[in-house]
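Okay, handing you the structure first.
To keep things simple, chains are lettered A, B and C as they appear, and every chain counts its residues starting from 1.
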Amino acid sequence: MTAVGAAAPRTAPGGRALLGLSGLAGLLVLVELLPRTGIVSDSYLPPTSRILAALADEAATGAFWVAVGDTLTAWAIGLAIAVVAGVGAGVLIGAVPVLRAVTASTVEFLRPIPSVALIPLAVLLYGSDLGSTLLLVVYAAFWQVLVQVLYGVADVDPVADETARSFRFGPWARIRYVLWPTALPYVFTGVRLAASVALVLAVTAELVIGAPGLGAVIAVAQTSNAITTMYALIVVTGLLGVAINLAARYAERHFLAWHQSVRGEAPS
Amino acid sequence: MIKRLLLVLGLPVVLFVTWYAASANSENFYAPPLRQILAAFVDTWTPERLRADVLPSLARLGAGYLLAALIGIAAGVAIGANPRLRAAAEPVLEFFRAVPPPVLVPVIMLFAGIGNGMKVIVIVSGCVWPVLLNTVEGVRATDGVLADTARAYGLTGAARLRHLLLPSASPQIIAGLRQALSIAIILMVISEMFAASNGLGFTIVQFQRSFAIPEMWSGIILLGLLGFGLSELFRLAERHALAWYHGLRDAQRRS
Amino acid sequence: MLEVKGLRKVYRSGSREVEALRDLTFTVAAGELVCLVGPSGCGKTTLLRCIAGLLGPTSGEVTVGDRSGLAIVFQEYGRSLFPWMTVRDNVDLPLRQKKVPKARRRELVAEALTAVGLDGTESAYPWQLSGGMQQRVAIARAVAYEPSILLMDEPFAAVDAQTRADLEDLVRSLWQRLGMTILFVTHDIDEAVYLGQRVLMLSASPTVVQDELTVDLPAERDQLHTRADPRFVTLRTRVYSQIQAAKTGTASGAAGELSSADR
C-alpha cells in the first residue's frame, strides 16, 4: 500500500525551529510591551529588557552562583539517593513475587501523600539546612523511580523468564539478563520524571523553608520587594528545569538507542 | 478472598503496629508516641475544624483544578489541532512547564493579593501545563485513518471535537490530569503556607510554629489521607472513563 | 455515477516533488461494481482519497454528484472504527451526523448489522471482535449510510484467507441487493476479477489507466465454481500479465504502446 502523506502541508524541521523561536520572541516582546504600554503596571510585571538586565546583574554576583550551586547540589544528591533507593527497592520487590503482592497496597497508599506535607517535619528535624531540602526531594523523587521500575519489572516477558528458568539461570542471572534489560527503559523514564520533580521540590523547600539555594534568594527578593530580580530568578529556575528535561531526554535517547529497536519489534 | 485481604492489609497493619509499639515510650519530642498522635487527631480534626480549615482548602483545590482542566484542555485542543501554532507555542509551553510551580506564588501574590483568588490562580497556574501539553500531544497523535473516516462521514466542527479529537486524546488528557492532581495538592498547601488565615497548610504550619507536635503529625497524616483519597477517586473515575482504552490495549497485547 | 477526468496529483515536500497520479480518466456507471488493481505503490490509495474528497487533486476533476452519498471502507479496520464507541454507536454516528431521525436510525443500524451477519454484537466494542468482524462493522457502517457510491480501499488485505472469501461474497450480495455503485481497490488480481463487473488496471507510478477489462462472468458467482471457470482463469491471466508489464514499465499490446508513447 502506498503511504500517503498527511493532507496538511508539512512543515520542514528548519521551519519548525523557526516557528518555535518566533514563539519565544513573541513572548519576550509581549512581556516588554505589556508594562511599557501600561496595560499591566510595571511594578507587577517589569518589561523583558529590565528582567534581562537584572539577570545580567545577578549573574555578575558570586552569591547568585552559590545559590544555583546549592540548588543543583541538593537536586543532585536528592536525585541520586532517590534513584539508588528506588531502583534497589524496585528490583528487589519486582524480583520476589511475594514481596510485590505484600507491598502493593502500601506503595499505593504512600505514593500519593504530598511531599509538602513533610515540610513542617523537615523544619523541625533539620531547620533550614540542606537536610530539609533533601528530605522533600528524596521523598518525592523516590516514588517516581520506584513506580516506574515496578512497571518495568511487571513488563518482563513471561516467555523470556521461563526460557531463563529452563536454562537453570539462578536468581542473579535472571535479574541481570532478563529483568534488568526489560526494566531499563522504565528506569530511565523514572529517572527523567524524578529529575524534574526533584528540582521542583528543591526549589520549593528553599522557597518555603529558607534552605540555601535559588528558592531562598527568590523569597528574599520577594520580601525586599525587588520585583525585577524576583522575575529574573524565576526565569533561571525555568531555564534550569528546561535544561534538566533536555538533558534527561538526551540521556534516555543516547543510552537506549540499542533498546528502542528491540522494543519496537518486541510486541506483536 | 481472605488471602487477598491479608495481602492488601498485611503490611500496612504490620507497619502501623511497629510504629505504635516502637514509639510507645518515645521520649523524643519530635516523634511522640503514635497513641498521642492518634488522640490528637481525634481532638484536632473535629467537624468544626474540618469545616473551618479543610473545606476551604478543598474548595480552592477543586476550583483551581477544574479551571486548570478546562483551560488546559481547551487551549490544548486549539494548539494540538493546528500544526503551525503548535510549533510556535511548544518552546514557550515547555518553558512554563519547567518553572517549578511554587515560585509562581510570589508573582501571583503581586497580582492577586493574598485572598482566595490568589490561591486558586496559583493552583491553576501550576496545573494547567501538564494538562495542556498532554492534550496537545494527544490531539496531535489522533490516528490518521480515524481522522479520514470522520471526514469522509462528514464529522466536522463540534461533532469532530466531541466524537473524534477529545475521545482519541482522552488517555493522554487523563494522564495530564493525573499529574495535575498531585501538583494541585502541593500548591494548595504551599499557597496556604505563604499567606492565609485558614486552610490545611496554614493550620499545619501553625502547629509546627507553636511546637504542637502531635497535632502537627495529625495534620501530616490528614494531608496524607487526603492525597490518598483524591488519588483513589481519580483512579475510579479513570477506570470508568478509559474502560475502552484499557480494553483496547489488552486486546492489542494479546494479539 | 462517478466520473474522474484528467486527475493528477503531485506531492510536494520541501523542494521535492513526487508525481503520484499522472493522468487518470475513467467513469463508473451508476450501480456498477468496478475493481481497481495495480502494482503496489501505484497510487491506488491516493486516487481513492481524491475521490472521497480527503485530498485535493493537483489538477483534473472528480465528479461524484452528491458527496454526502459517498461512504468509504478502509483497509485498516482496527484504526477506522472508533474504539471508544460500541458497534452500534459506530454505525450510528454518521447517521446522526446526517440528521437522520432517531427511529429511522435505529432501523438502519439494525438492518445493516443483520445484513453483514453481526446480530447480537451491538453493544460490544470493536476491539472485542475478530479482525474479520471488525471489517464487517465498517461495512455495516457504510451500508447503513445508504450511499450511492461505496469506496473500498483494499478492505480485505489484512484479514485471513477464509474470512476474506466470506467478505468478498458479502460485498457481492450487498451490492446485488442494494444496487449502489462500488469502486473496489485491491492489489489482489483474483479478487478483482471475482468481484468486479469491470476491472481497471493502473500503471506503476506516475499512474495512468493502463488497461481495462469487462468481466463477462455470470452474475451469480461463488468461490468454488467461479474461480475454477476457464473464463475466470483467462481473465485473471490477462490482468496478471498487464500488471506485470506495468511493474516493469514495458507493456504488451495496444495499451502498452499507448503508455510508452506517453513517455
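In this text, a residue touches a chain if its C-beta (ideal position, glycine included) is under 8 Å from a C-beta of that chain, and two chains touch if they have at least 3 such contacts.
Model, not experiment: these values are computed from the prediction.
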Note, CA centroid farthest from subunit B's centroid sits on chain C
Looking at A-B and B-C, which one has the bigger number of contacting C-beta pairs? A-B
Taking each chain's centre as the mean of its CA atoms, subunit B sits from subunit C at a distance in Å of 49
So, in whole Å, the Cα centroid of subunit A is separated from that of subunit B by 17
Spell out, as numbers or ranges, the residues of subunit C touching 2 or more other chains. 49, 54
Residues of subunit B that touch two or more other chains: which are they? 144, 252
Could you list which residues of subunit A touch at least two other chains? 10
Residue ranges of subunit A touching subunit B (in the complex, touch as defined): 6, 8, 10-11, 15-16, 19-24, 26-27, 44, 101-106, 108-121, 123-125, 196, 199-200, 203-204, 207-208, 215, 218-219, 222, 227, 230-231, 233-234, 237-242, 244-245, 267-268
Given the complex, residues on subunit B that touch subunit A span 7-12, 15, 30, 83-84, 87-92, 94-107, 109-111, 144, 182, 185-186, 189-190, 193-194, 201, 204-205, 207-208, 213, 216-217, 219-220, 223-224, 227-228, 230-231, 252-253, 255
Residue numbers of subunit C touching subunit B in their complex, please. 49, 52-54, 68, 70-72, 74, 76, 79-85, 93-94, 97-98, 125, 127-128, 141, 145
Write out the stretch or stretches of subunit B touching subunit C in their complex. 143-146, 148-149, 151-155, 159, 163-164, 167-168, 170, 244-245, 247-248, 251-252
